[in-house]
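Two complexes come next, and they have one chain in common, chain A, joined by chain B in the first and chain C in the second.
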Partner chain A sequence: MTSEAAAGKNRSGMGARGLTHATPAAGAAPPVGEHGQSQVWLFLAPAFAVYAVFTLLPIVWTVVLSFTDSGGFNTTARFTGLENYEAVATDPIAWRALWQTILWLVYHLVLAGGLGLFLALAIARLRRTQVMFRTLFFLPHLVSLGVVGVIWANIYDPYFGLLNSVLDNLHLGFLKQGWLSDSLLVLFSVNVASSWQGFGLYMLLFLAGLQNIDTTLYDAADVDGASSFQKLRYVTLPGLREVTTFVVSLALINGLKGFATVFVMTNGGPFYRSELITTYIYRLAFQAQQHGRAAVLCILLSLFAITITIVFNRWRRRIDQ
Partner chain B sequence: MIAFRRELPLVLCLAPVLIIILAPFIWLIVSSLKSPAEIGVADPFAFPEKLMWRNYVDAWNIGGFGDLVVNSLINLCGVVALTLVVCAPAGFALAKIRFPFKEWIFYLFLLGLTIPIQAIIIPLYQVLQALGLVNSLPGIILAQVSNGIPFGIFLMRSFFQGVPDELVEAAKIDGASYYQILTRIFMPISKPAILALVVISALSTWNDFFLPLIVLISPDVQTLPLGLVRFAGTYTSEYRLVFSGTVISFLPIVILYLFTQRRFTEGLTQGALKG
Partner chain C sequence: MFNKVTSMHLAGALAFGAVVAASPAGAQTLNMWGPEKIADPAVAALWEKIADGFEATRPGVTIEYIAPTGTISNGAVQAAIQSDAGPDVVLTNSGIGRMTTVVNSKLVQPLTADYEAGWKDQIYPWLYEQLKQPFDGEIYEVPDGLDALAIWYHKDMFEEHGWEFPDSYDGFLELLQKIQDAGVQPIVAAPNNTGSAGHIFGNVLQVTAGSDVMGDVVSGEIPWTDERVVAGLQAFADLVDKGYIQPEMAALNFDAGTRLFLSKRAAIFVGGPWFIGIAAGADYPVENLGYVSMPSNLEGESIPTGGIGWSYMIPTTSKQPDLAREWIGYLLSDEVMKMRAEDPTSSAIYPRELEGVEPATPVMKDIFDAAAKGVGYNPSVYVPGSTIDTYYQVIQGLIGGQVSVEDGAAQIEAQMQQAK
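Moving on to the complex of A and B:
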């Protein structure tokens, strides 16, 4: 017991501080389990130690970095006040990345969320073949997004790619595009690849939501002579409200984390036309070595994610009432 | 049979959708068995005259896929095991034991649930570097475990909360310690939660690209997706190698999924909806 405690304390500085700080308070707490109180901290210590070092500390340190001119690893950083914030606010590429990230979220929500809902509604009524369709439709979600990038870069290849050669074969050659070189099309093209990978999960969640709808509601609707459209409109869709808010928030958060497909397929190009906040953070932090500026964008990204979470939690609570 | 006949029209409508969605897989597998000349013709509907299994042998050897697969598996198993070992006790403590600052600690853990990994990557890299963990599998494992801890704790906590308190009280009267209550009573009845956590942490580790890209620099420690991207970037014009390498990267997990799909789907759905 004591040696275990010592090991827990030695694991990391942060964890140890948390432990020693909290132990006296634990002794003063109302005793529920007599010998249990000391065990509580042992239960929490491993998770908290790892989390403190590799997540909490970086969160705090990102904020600190945003006020410094840190860059590279040899220089001694100085505090520069709000300089980085000004630099980002006047950086046209940062604004472009922000706008394109919002567009990217909308594309992902409509393409992946929409396809997920559509397919869930379509296969929910199947009995014999539902598992087969569900399994096969889910396959793209198993492919790592980096690999998805390689696959779709080849699909969009102007000469040997699947898309243009299919169009050629169907005598639809006039529809051929430089899918990844056209500055108006590129963000959408890359998003199709991401959404192809993403929709499977949303489909599963919608399916689970559909299974939770009380079947007697459908029987009642049948008795009332409702058409299948009316059943969709007045039974199915209201029954899916809770799972929909969840899927929407998940899709927005997933979209916000979008990075791999853009990085692999276009690296933000051509001319930053597929740059996202995440890829721009990577460029600033690891290529241009401008940590301070990148940190400002990191904070922006976090605020984005926190806002989405709060808004959707409120929304879900309102539905629950 | 009657049921099947009734759903036949819908099945026929869905078949083209299925073909379009799976087309990338089919096209890649077929193309990966073509000769360079056949790929040059760029006819997606043509089948290879002779199956070029050599493409796979060459891609495997040139790309060093053996090492990549092993690295990915070490990465995956390490993250899943460690996540389970640290999240189960923490989730138990937060669900079933009363102690000071409990709410605060829980909210501290929840904070990480919302913040994207890209938003903390600069200091995270510096921390890993300070600890000598850059460019190593232990480094990537710790970073990914930390990233997964908020969800893992949230999931285990909400499952444990559903277990009646009387069970804990009864065991305590019998003189069981919290450690015994967790390992002897709670873990055995938590199979659904454990399955969910295993599936979700395995899938997110397998799919991760960003952290390996930052942390794993040299080819001998890289994971499968990262190695494939590097390989495809090096042999851009050698389509036969890129195609077969890509198939190597997704085929194992697809086969594994097809064998376990029922439990996999159950774990994923339950876990996602709880979280």
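Moving on to the complex of A and C:
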């Protein structure tokens, strides 16, 4: 080691490799000095302020509310300790809503995600008509969930609804149901409406994923004499792994946000059989004005979302390994 | 005048916030949430005339009506008030239950001093006494209309089949069987919306348990698990068992229920005077509507259920509280009351006796006659706010078969106890 090199090593404490990196290369970011640091904070400040006001503060405020008996913005809230948490823990409707939220998520994943994948596979090979089908299938996604709720509530209407009328006309009257009044059907029926609005986006994502799969893999599979199912199993689905991960994440998030269709179509009924955590939060906060209990459910919903995300990501990493 | 009716086509009441228009210096704009059918041109014309009268004596004042996006029951009123850009006056469905929600949340101002200053002479004395009950003498609402919920039926359908309303509940059950045998759905229940669930349910409870018992139940003096009340719930459940009310109706909202009745696929609908406006709006010939109290086996109990249907309130966030009081005072005047009572769109029972007023529609006379025998209790407007939701859900559950009579009664009572 030369004395210059040794000196360099001493100055930087990084060795020769470190010295070369310490010299700014073309296009690399300049070193951030004291002045630069303050500039960084200056540029970050507006975004951080917005984030703090619209995200951090409401989170903190929700936690604070959960320990009070707040009954509205104009009331003086009293500290009540863990009372709200106890009330929620012993509230059978809250537990029902939680269980139904899990069911809702599963339905959404299967119905919207599954249909999105199925349709993407069905139209991926089409050359002339793919754009038309893509547009048609994506159209429901442009309709607001509130409107979707009204449309499907009319489709399900037991007396004038399209569904029961069609079943009648097809001489399948024995299949007629009270789609929104039957305890076992109601959550599924509402989820169909919600998933109908959502599947188009997932289909587009899957289509994009399909276009990225190397076509030579299919050629190789053909040479090996693979059947269509084998190509799907060993080429297509593995090739869609990244997209599937993204779609599942998105579907989980969208599923947890389920509110509008339930609110419009059933208002959580009959007898809480379609109540979700989100609709129950609304009921408590804005109808019963029990902000404290609603805040506890908000926290519960957040923890639920975080848990699902962690579990899903760990599972995905394990699969990847 | 065209800008008096402000139609708010907003996705939800939470988005309510950009209503107050820029006003010239010195001008005052008073925003009123309601009335309910303000988007109807005929109703709008009446309320514009009323506003004209007020504005004529107060230069610079403009009244603007906000088409309601909901009620206290679904949280729309609370959200509008809490938006801090909310209305100066609210006209909405009221009753003790709903009022408890907004009073406990301190969303509305006390008006007791205004009553002492004269408003109490402009409503029935019994109504004034009733208003003082729930909040230790403090009053927060000014009744605009009283409700009288009873049976609506198609006159021509009943004439054609020779059906007549009997004097007893047993006879009523026989009538329902005849209707069903004729291939017509006897009764419509539409419990998916808050509010409409209680109309038929409250009527059946009252004619089987009696209005005194129901008065004691809604005030919490006797429990919902009392055998007389449970018998009322059972009578309602029996209507479902016999198919007079179908389980599929558990999912019907008010519009769907109305459609079922007005299309004559069903014979009976339970509602208040306001149903005239709904029928007229659907181009149903109003003269074909019959109105009758539900028959009872108990003497003197064949009376409508009811209570305070709509009230004015002044939100705590009102930017013009004094002007709001002047406006309500004007609405209580003889001039306005008579103008409204004689208008063809009128479908209210007013909070005081109006002499020399001829109802604009014949059926309104039937309603006044029925109400003159007395009006009982519609639990929807009397039970505490925190109980209402459970009450509605139990009605849905009884229709859909998700809850038993005893369990339903117990659940409502549990909420009543919690409210205490």
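Criterion: the second predicted complex is superposed on the first by the 264 of 321 C-alpha atoms of A that agree within 3 Å, B and C clash if a C-alpha of one lies under 4 Å from a C-alpha of the other, contacts with A are read in each partner's own complex, and residues count from 1 in each chain.
Simple rule for what comes next: a residue touches a chain if its C-beta (ideal position, glycine included) is under 8 Å from a C-beta of that chain, and two chains touch if they have at least 3 such contacts.
A quick note: this is a predicted structure, and the numbers were derived from the prediction, not measured.
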Which of chain B and chain C A:181 touches, first, second, both or neither: second
Chain B versus chain C, judged by how many residues of chain A each one touches: B
Touching partner for A:89 - first (chain B), second (chain C), both, neither: neither
Which of chain B and chain C A:232 touches, first, second, both or neither: neither
First (chain B), second (chain C), both or neither touched by A:159: both
Partner chain in contact with A:220 - chain B first, chain C second, else both or neither: neither
Partner chain in contact with A:272 - chain B first, chain C second, else both or neither: second
First (chain B), second (chain C), both or neither touched by A:110: neither
First (chain B), second (chain C), both or neither touched by A:146: both
Partner chain(s) touched by A:311 [first = chain B, second = chain C, both, neither]: neither
Shared chain A surface residues [contacts with chain B and with chain C]: 73, 144, 146, 153, 159-160, 282, 285-286
Residue ranges of chain A in contact with chain C within the complex: 71-75, 144, 146, 153, 156-160, 178-183, 186, 266-273, 282-283, 285-290
Touching residues (chain side chain A, partner chain B) in the complex: 22, 25-26, 28-30, 32-33, 35-37, 39-40, 42-44, 46-48, 50-51, 53-59, 61-62, 65, 73, 119, 122-123, 125-129, 131, 133-140, 142-147, 149-155, 159-160, 162, 165-166, 168-169, 196, 201, 204-205, 207-208, 243, 246, 250, 253, 256-257, 259-260, 263-264, 277-278, 281-282, 285-286, 291, 294-295, 298-299, 301-302, 305-306, 309
Chain A contact footprint on chain B (complex, rising order): 3-4, 7, 10-11, 13-14, 17-18, 21-25, 27-28, 39-40, 42-45, 85-87, 89-90, 92-94, 97-101, 105, 108-109, 111-124, 126-129, 142-143, 145-147, 149-150, 153, 172, 177-179, 182, 203, 206-210, 213-214, 224-226, 228-229, 232, 239, 242-243, 246, 249-250, 253-254, 257-258, 261-262, 265, 268-269, 272-273
For the chain C and chain A complex, residues of the former touching the latter: 11, 73-75, 78-79, 82, 101, 104-107, 191-194, 246-253, 256, 259-260, 263, 265, 316-317, 385-386, 389, 392-394, 396-397, 399-403
